[in-house]
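Structures given as structure tokens follow.
Note that chain A is present in both complexes that follow, paired respectively with chain B and with chain C.
This part shows the complex of A and B:
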């Protein structure tokens, strides 16, 4: 059996304003406060393309290895839905601005190249709130999101497992965050995914039966994409088993070609008694039960009655423009990952976390490393303490009060003074609180320079001399008795001794004691 | 190619959200048949070597900078809403 998965990913571009008007794209504004006659579709208005959106889209397409069309235009996709005030969506139909790219992904089964059919620009629809009680009450419409610039990235149907689909999405997110095209926050709707899924089941004659394609709409987390696909595969196999020979039959008259497979389709008897192909359907995913639910027959492409939008003129892209955007692309995440590993000797794990958190975060790490000279330590602090603080404070690294430079100074200072992790964290918290530099924070906390190993040794020896009982207990096998010696030294140093060094010294000296 | 009354009903209901009387369906079927016939006639024109025209104006690359402009106040935005609930447009429930 072969599973066939294609993904349509929508990402919101990082613009300040909408695609065709100057309304704000800020997330979480009060309902219907970011709309105007253009995005509400009032008569007599003219949309004008946002240049920054076009540049960002081109940047994304180039990073996805797509070729950029020299001539591109906008089309209207017509349908009625309350969240679409114009009754058409401005999108790109037959001349999208980019075509045929690819993305390299990594899964447990090894590396894979996933082809990208096209990436095009379009506007978002509004947001609807439905009567949660299901009592048939009114639905509410907020048009703030209407007209927000989206890049739609359509993959070839080349993924074969739910895991590959997840890896593909994670890779898109990493890439687009890395080149600062989108923040790809699924919870805020700036990354959304529809998955097209079907299965090819082998037949005795060497051909395959293709189940009807199901498009699972609006998946809102990467985990749910994986869950929905896994469930949908099972559902289709069951449906196939139940329906063939009853409502469905295999079309034995012809095959189509899919890669190296010969594929047969399924047919059902329509109300006129003729056998016709079972058409594509859409499904939603119910998060609570982890299952996909079939919604409706997919409208054929022609039902959208696409036609060129007369309100928008075409865009012509020159070689120089493409070269300029390419020049601004900077280092792609895959190259950055390799460089972080070779230049700083980071583990793949650390480098991956840094890269996945975007270019400013990598910059933060590099600034810290430049100051303190210890990449491993800088990576540790960045990927552990700093990341969890950013999450807790709901901040980006750019907003974080401790800059990469300050982190570097701090790391150099704790190394010089041999502060243990606990003390270091206190200093870090003080820096965060007061916005001060490491030296000032250390001064404020009254932390003295810590004793070096010679001084510590002297203290350990004094502690052993004055704690005969603890030494005797230790010799009798009570390992815990060593804590009394350590406690003595910690009191002497006001808790600033390097715990690892102290532990070693205490054990060495206790072993020597009579 | 003749457009049948059933095709008109389907287009009206599914695509245009129009509720038509039988008389209107008959009328429109006739009108649409004429329009499609005219397009068929246009299709006969020889267009080999003619570049498809995406836009009648000889303009391209009309852009605006990404600068925010004031939006409508919410009361003005909702002024034409057939039904308003709080600061939302209200529409008949989508899920029954």
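This part shows the complex of A and C:
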């Protein structure tokens, strides 16, 4: 048996404004506030293409090794739905701006190259808010998302396991974050995925029966993509077993070729009594039960009546433009990962976390390392403390008050002063709070680590001289007695003695004591 | 005063013999007297007109700089958006639509200190050639109230012809400015596609639609065109060129001048009186020193068929948004979304609009799109090539605007095909994207005006206006007024 999976991935591009008007693309604004006559599709309005969106889309396509069309145009996809106020979507039909690329993925079975059929630009639709109580109340429409630039990346049907689909999505996310084309947040809908799945089941004559393709729509997490595909494979196999010889029959009259396989289709008897192919259908995924749920099979495919949008002019792309975008592409994530490992001696694990969090995050790490000279420590702080703070504060690294440079200064300072982790975190918290540099934060907290050996030695000697009992206990083998000496010095220094130095001095001096 | 041109009204204000308010009042009076019969206006807010006029007078009194159309009333076809004012497109489906923004041409009229003088009747969504397809009223031809004014911009044409306003704007998708100008005995122009912004023009056939000026002489058309033309960053299909001061050059005759005459424009169905008037106009040009040259437009016989595929295909998509959800009329009773769509559209659209939506949806549908829509695009290219070749040999192409003078109300309403053929000579210019102008060139034996059409290569409006002005200056047709206006004076 062979599983055949193709993915259609939609990513929202990181533009400040929408694809055909000047409205904000910010996520989470109050409903219908990021709208204007153009994205509301008001009669008389016209779209004007956002150049920046086109550049970002080209950047993504180049990173996916796609070829860029020199001539591309906009088409209208006509269908009636209330989240689309014009009742057509501006998209690209027969001349997308990019074609034929690939993505390298890693799975437990080894590396694999997944072909990409095309990537095209289109406008996003709005959001429908239905009566959740199911009481038949009116549905509401939020048009904030309408017109947000969407890049649709269509893979070839070349993936064979749910794991490969997951790896493909993770790789796309890492790549597009890395080149700063999209933030790829599935929860916020800036990365969405539809999966086309079917199964080729071997027959005794060496041919395969292809189950009807099911398109699982609107998968909202990578985990759910994997779950949905796994469930759908089982469901299709069961459906096949139940239906063949009853509702369905195998079309024995012809085969089509899929790779090195000869494939036969399934047919069913339509209402006129004729045997016709079982059509492709769509399914939703029920998160709670982990089940794909088939929507009704239609006898006819929808007709979107595509035609060139007369309100927009075709885009002519020059060699210079492509070269310019290529120049801005910078280091691709796979190259960056290798470099971080070789240049800084990072573990694959650390390098991977840095790269996954995008280029500004890698820049943050590199700035810190440059200042403090300790890549391992910089990577530790970046991937642990900083990442969890970013998450808690719901910030990007660019918005984070502590820059890479400041982190570097901080790391250098705690190393110099030999501050323990506990103390270091207090300093870091103070820097975050006040926005100050490490030295200022340390000053403000009154941390003046007494590491001067002469000064400490003098205090240790004084403590030993005035604490004969502790010395005697220590000599009798009560190691804990040393604490009394340390406690004395800590009191003298108001807790700011360098613990490592103090520990060493106390032991040395106790050993010397008569 | 109402018979004066915009140029003359401007002079009266400059010399203090009139002000914007007195001009506005004179035209409001004219509307009151005649529009009960002509029915050109759909919406006219007298207070708003007077408010604008007084504001212009105040500006003049304060010696502030004034625009070229200061104090001149301009009526607007009801397909153009004026912020806060109704824009019905002559359709019930947009009965309550008040756009929250100004069309670019409207913003430009405001910048030119024009007085926006109400909105005029039209065929629903600009689909028609007689203004009978309006959901609200049937506009009458001021020369004969039993006849149509032409269409689809019939209200704008009739208002200017009846001296209810000196200037107006229409839109021309297949002849909707030139044909009613011809039938109403005034001047009307369709600029090059891209010369005037379409932002705020409620779309019918987006690749064909163009805003165009109406006036009672060519000089005024030049003045109005220069105020509305130019690149608009809100319209990607508008050309990159800035506007040109057409009114500064319009009085210079074009010499040498070669006029192309295409035999295809004197085809079967051409009314003999129209043909005679046009042939006489050719003689006038000859007497002015023009060289007459035969040109050929072999694909023009496919123009009407091509147009009714391209325009309707685009319309089927452009008009999809009127579904009762976001815009337009919503049916009172419905069960579910689909029923709401069907009932709202069923109730809101008129017969001709429904016919064209169905035609267009069919032309685009899977299995037919190659044979109809895509084939039409190819023929459209051939029609454009014909013009490119013809204009290599001549400055302008001359012919009739409409095959007949104004027809009677109701005469063609039962026969859509006969109605479609009244645009047979104007449609090619839209398909090719070239500019065209209609100028009065005589009267039929029954006293109905006849029109002459001149076409030029893309962006040759300056040349076109100068050539049209030469004819106008050599003839007296523009001085005649319809009986109801003459009686008035």
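The rule is short, and it goes like this: the second predicted complex is superposed on the first by the 441 of 514 C-alpha atoms of A that agree within 3 Å, B and C clash if a C-alpha of one lies under 4 Å from a C-alpha of the other, contacts with A are read in each partner's own complex, and residues count from 1 in each chain.
FYI, a contact is a pair of C-beta atoms (placed from the backbone, for glycine too) under 8 Å apart; a residue touches a chain by one contact, two chains touch by 3 or more.
None of these values were measured; they are calculated from a predicted model.
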Which of chain B and chain C A:73 touches, first, second, both or neither: first
Chain A residues touched - chain C or chain B, whichever exceeds: B
Touching partner for A:15 - first (chain B), second (chain C), both, neither: first
Which of chain B and chain C A:86 touches, first, second, both or neither: second
Chain B versus chain C as contact partner of A:37, first or second or both or neither: both
Partner chain in contact with A:54 - chain B first, chain C second, else both or neither: first
Which of chain B and chain C A:315 touches, first, second, both or neither: first
Touching partner for A:303 - first (chain B), second (chain C), both, neither: both
First (chain B), second (chain C), both or neither touched by A:272: neither
On chain A, the residue positions that both chain B and chain C contact, one per complex: 37, 40, 48-49, 78, 80, 82, 141, 303, 305, 310, 312-313
Partner chain A, residues of chain B touching it in the complex: 14-15, 17, 54-57, 59-74, 77-78, 83, 85-96
List of chain C residues in touch with chain A within their complex: 80-81, 87, 89, 94, 97, 99-101, 103, 198-203, 205-207, 233-237, 313-314, 316-317, 320-323, 325-327, 337, 341, 361, 364-366, 369, 373
Chain A residues within the chain B interface of the complex: 15-17, 21-24, 30-37, 40, 48-54, 71, 73, 78, 80, 82, 95, 128-131, 134, 136-143, 303, 305, 308, 310, 312-316
List of chain A residues in touch with chain C within their complex: 37, 40-49, 76, 78, 80, 82, 85-88, 141, 301, 303, 305-307, 310-313
